[in-house]
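In what follows, subunit A forms one complex with subunit B and a second complex with subunit C.
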Partner chain A sequence: MHHLTKITAYILIIFVAISINFALPRMMPGDPITSLTDDPTTGMPVIMDEDIKEEIRSYYGLDKPISEQYTDYLKDILKCDLGWSIYYNAPVAEVIFERLKWTLLLVGTSTLIYMILGIFLGAVSAWKRGERGDLGLLVSVLSIGSFPSFFLAMLFIILFGVKLDIFPIFGATTPFMEYSSTFDAFKDVLYHLILPASTLVLTSIDGPYLLMRNSMLGVLGEDYIVTARAKGLTEWAILKDHAIKNALLPITTVIAIRMGFMISGAIFVETVFAYPGIGKLLYDAVSFSDYPLLQGAFLIITLIIIAANFIADMTYLYLDPRVKHG
Partner chain B sequence: MNLLKIKALRVYFPTDDGIVKAVDGVDLNIKREEILGLIGETGCGKTVLGMSIMRLIQSTTLTDGEIIYKDRDLLSLSDDEMRKIRGGEIAMVLQNPMTSLNPVIRVGEQIAETIRLHQGLDKKAARKRVIEMLRDVRIPDPEKSVDSYPHQLSGGMQERVMIAMALASDPELIIADEPTKGLDVTVKREIIRLMKEVTAKRSMLFITHDLGAAAEICDNIAVMYAGELLEHASVDSIFSEPLHPYSEGLLNSLPERGLKPIRGISPSLIDTPQGCRFHPRCDYAMEICREKHPEMVKLEDGRAVRCFLYA
Partner chain C sequence: MRGALKSGNVFCKNRIGVTGLGILSVFILTAIFAPFLAPYDPCEMFEPMAPPDSQHVLGTNDIGQDIWSELIYASRISLFIAFTTSIIATFIGTLSGLFSGYYERFGFFVMRVVDLFLALPRLPLIIILAVFMPTSIWNLIIIFVLFGWPITTRIIRSEVLTLRTRPYIDSERMMGAGDLYILGRHILPNIFPLVVVQFVMEARHVILAEAGLSFLGLGDPTSKSWGMMLHYAFEYPTIFISEVWKWWMLPPGLCIVVVILALVFVGFALEEILNPRLRREIV
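Right after this comes the complex of A and B.
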């Protein structure tokens, strides 16, 4: 029952997201034809007679009533057809999915690392609150976390890419490389991943770290921790069996929300490292005014964030029995 | 035969406002199979006294004195040694079962944890033992309840789980901190009856401000006020003939004795009154009570009282 309402809610959210994605460009002033003919930046207005305008409109389906455009849009999405990219001259879906795997690799790997590391360090910090270890961690995590990601990325390029020359400074793979084995390919990908992923990890770790530290401090003051101690459990057992699970509860929700920020953080990092992910793609799409591509990318990012929320919801269900049993 | 001897125990908490003297020179013995009630108003230091026997007070506290359990001073044991006693030979029933049970762990597992730790049983044997324990504390349908989460149980059932948890390691001494707090009258009566039953062959320090509950279950009573003991007597004598004016005041505040409250409020533990700590609220206060701090006086019938009326 509970699952069913959850899933219905998510289907509704996806539907609304798609609809907004459809409506937004149509709510903007002007229309594609006007911008074609009256573009003031060209200084050279294109003269088009009504017949040609009509032809272009019908070619793009813009002469149909809005309701029909909407149903067409929904049908196209179901067929994974997101339109045609102007700049790449290829189907938007194809362009995006080609890039998506790199972003998923980069964001996925770094999210996994910074979450686990941040949660672990936060727990340790709370456990040692007020002691040297806690203060050291707090200061270093906060200072690293306040670096803008693009700045840290540039520092990394200068230091590890140029000065020390141990890591590649751009791309996700070595261009024109022939791999002798899958392991070789894996090594090359990993090699390219390290700098951008470290940048994302270091600039994002402050979130989960601080959250876990706070949440853990709250939990450690709870009565059931005294109970656990009164049982004669070791400090480690108390931390592992009684504190962490409770402290994780508020964090799962925030992880999902931060997924959105992660993608936007990835835009900077991917741009600086010329990493061929969706962030770089978004940046390019904006520079080239590739609206269909932009719209498609937004849709995919929205869907990813909704998926992350869904996973968080499910995790919460698993972590907190009070939600499940009501 | 004393199981636990507390000698000149002091537990001070340094705070920004000054030193909170939560326990200030307490001498107290608990005999084998004795149920000793520790009564007093909220904030008199009785919970801290119970916690310090278990060494559950945070490390910044200043603790002084001795807590001798079976010839060993608990205060000078190493952390590892103390951990073996804690939850093993000495178990605690904490107040507020609602918050004292971990909300995300099944109650059976919370009890089994203690059994595995102190009796070295494996998972399966521990679970069997837990079901027996739940049956002993008369939780209905123990095979099912063992897999319940705390929020699925009523307050009375949660309290029973807390008791089962304390009994799990078959302790010799139980420290029960306000086990009847927040329970309605009928449930409270059942819990008291249960506690009386399960502590038949054990010792218990029963910390409460509920005099009715204390009268029903305890053999002896110690009255605590502002960090120190004021009177120590058998339950019958203290209820029939309280000696200390504070004990008398507590009894008179009971509904069946006219609901007369003691005037004034209990003093701050940072800045306790000069002389006898109770004198500002005492109807019998004399000149000497303001000036000198009374010592505990042992009377012939084995009672002890800290009051100049009996010096």
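Right after this comes the complex of A and C.
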């Protein structure tokens, strides 16, 4: 029963996201024909025959009633047809799927690293609560978390890319490179991944760190920890078998929810490092006013984030049976 | 009242919180007195790309504007957007949270709307709205408020739900107190510290979101914020390989970092006060 309501809710959310994508350009003042015919540099309208205007309208299906436009739009999405990119002069879906693997690589690696690191540091901090180590960690993590990802990315380019010259500063691979082996290709990709991934890791680590720290502080105050200590268990055994396991539960659901946050962060990091993922694509679409591409990228990013939330919800149901009955 | 004083006392003992509040005050004063502090009009043009000297403390940008003056005026835009948004969003969130926690049926509908908003990814939606709406400071504020209130509503509501069942509220009701009286006189003061925390968190979020949008070139070009200064610096071809980043890119970036850090410190201190379990002996 609970599963069913959840699934219905998610289908509803997907519909809302698609509808927003459909409605926004149509709600805005002006007519797409005007923006097509206005010369952007002079702002002077290009004289266009009424017949031609009519032809353009019917080509894009804008002469149909709005309900029919909507069903057409839904049908196109089901067929994976997201329109035609003006800038790349290629189908939007094709352009996006080509870029998707890079974003998934970047976001996936970063998520894995920052979660493990954040949870570990949070546990250490809670364990040393009030001591110098805790305070130092806390202030460092809060400080690094206050950097906007694009600013940290720019600093990394200057420091590691230009001054020290140890990492490449743009792209996901070396251009025009012929790899002698798969290992070489792997090394090149990894080499390009280090700076963008470190930026994402450092700017998002405060989330899991603070959460784990708070969760651990709560658990460490529980009676069963006192009992464990009274039994004569070593500090390490208390930490490993009693504290960390219980403190981890509330963190699990956050992992997937933060995926959305990571993909948003990737928009900035990819832009600064010119990393060819879907975030950079979104930025390009904005700067070139390529609206079909922009809407396509928005739709795909939204769907990925919704999917991540869905997985998080389901995992939590599985991990914490109390939720199911509650 | 005594509770508030006590919280104030605990706050003053919290070094992190006091530091944050101090830094924030400096920035707020700078924003208020910008016309007296800035040596030039931020739109006035001098020789472009001049390195720092006695005339221009931070040099000039690509179209010859004095960067130091630009930086001071930008604090107005960034802080104005952040605080206006937070005030409106926290106000709407608190009111809807109060009523949806107190009236069950009303709460049910409000929470469905809140669920929907929280399930939609915030940043991509903000970007696409900013693209399609004409850019102005007020449109940005509207967009940020639209996505800012739901989280406050949810947090306030869950607190009201537990407060509502307390015996003293029941006895109030038995003595014939009206709903509005109970909400305003007994529930609101109890959730007020939570409202302050939400305000700080929202301000932090908006500073970051506004900087991000402006960095992507979606801000209001007629009123430059720190994020927009970074946008223009990033667009400049030789920003990374020449020395100009030191006076053009670093100052606005550090301003954003320091303001966010100050807000984080204040929020962190407030949370420790609200949750005595986290309160430490040291610090």
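The criterion applied here is as follows: the second predicted complex is superposed on the first by the 282 of 326 C-alpha atoms of A that agree within 3 Å, B and C clash if a C-alpha of one lies under 4 Å from a C-alpha of the other, contacts with A are read in each partner's own complex, and residues count from 1 in each chain.
Methods note: a contact is a pair of C-beta atoms (placed from the backbone, for glycine too) under 8 Å apart; a residue touches a chain by one contact, two chains touch by 3 or more.
The model shown is predicted, which means the values in this text are computed figures rather than measured ones.
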In the superposed arrangement, does A:Asn246 touch subunit B (first), subunit C (second), both or neither? first
By the touch definition at the top of the document, which applies to A:Phe151: first (subunit B), second (subunit C), both, or neither? second
Looking at A:Gly218 after the superposition, I want to know if it touches subunit B, subunit C, both of them or none. Which is it: first, second, both, neither? second
First, second, both or neither for A:Arg229, with subunit B first and subunit C second: first
Quick one: is A:Pro65 in contact with subunit B, with subunit C, with both, or with neither? Answer first, second, both or neither. neither
In the overlay, answer first, second, both or neither for which of subunit B and subunit C A:Pro175 touches. neither
Identify which of subunit B and subunit C touches the larger number of residues of subunit A. C
In the complex formed with subunit A, which residues of subunit C make contact? 16, 115-116, 119-125, 127-129, 131-134, 208, 211-212, 215-218, 227, 230, 234, 239-241, 245, 249, 253, 256-258, 260-261, 264-265, 268, 277-278, 280-283
In the complex, subunit A touches subunit B at residues 222-224, 226-234, 241-242, 245-246, 249, 319-322, 325
With touch defined as at the start, can you tell me which subunit B residues reach subunit A in the complex? 54, 56, 83-88, 91-92, 94, 96, 99-106, 110, 113-114, 117-118, 149, 151-152, 165
Under the stated contact criterion, what part of subunit A meets subunit C in this complex? 9-10, 12-13, 16-17, 20-21, 24-25, 27-29, 129-131, 135, 139, 142-143, 145-148, 150-151, 154-155, 157-158, 161-162, 169, 214, 217-218, 221, 260, 263-264, 267-268, 271-272, 282-283, 286-287, 294-295, 298, 301-302, 305-306, 309
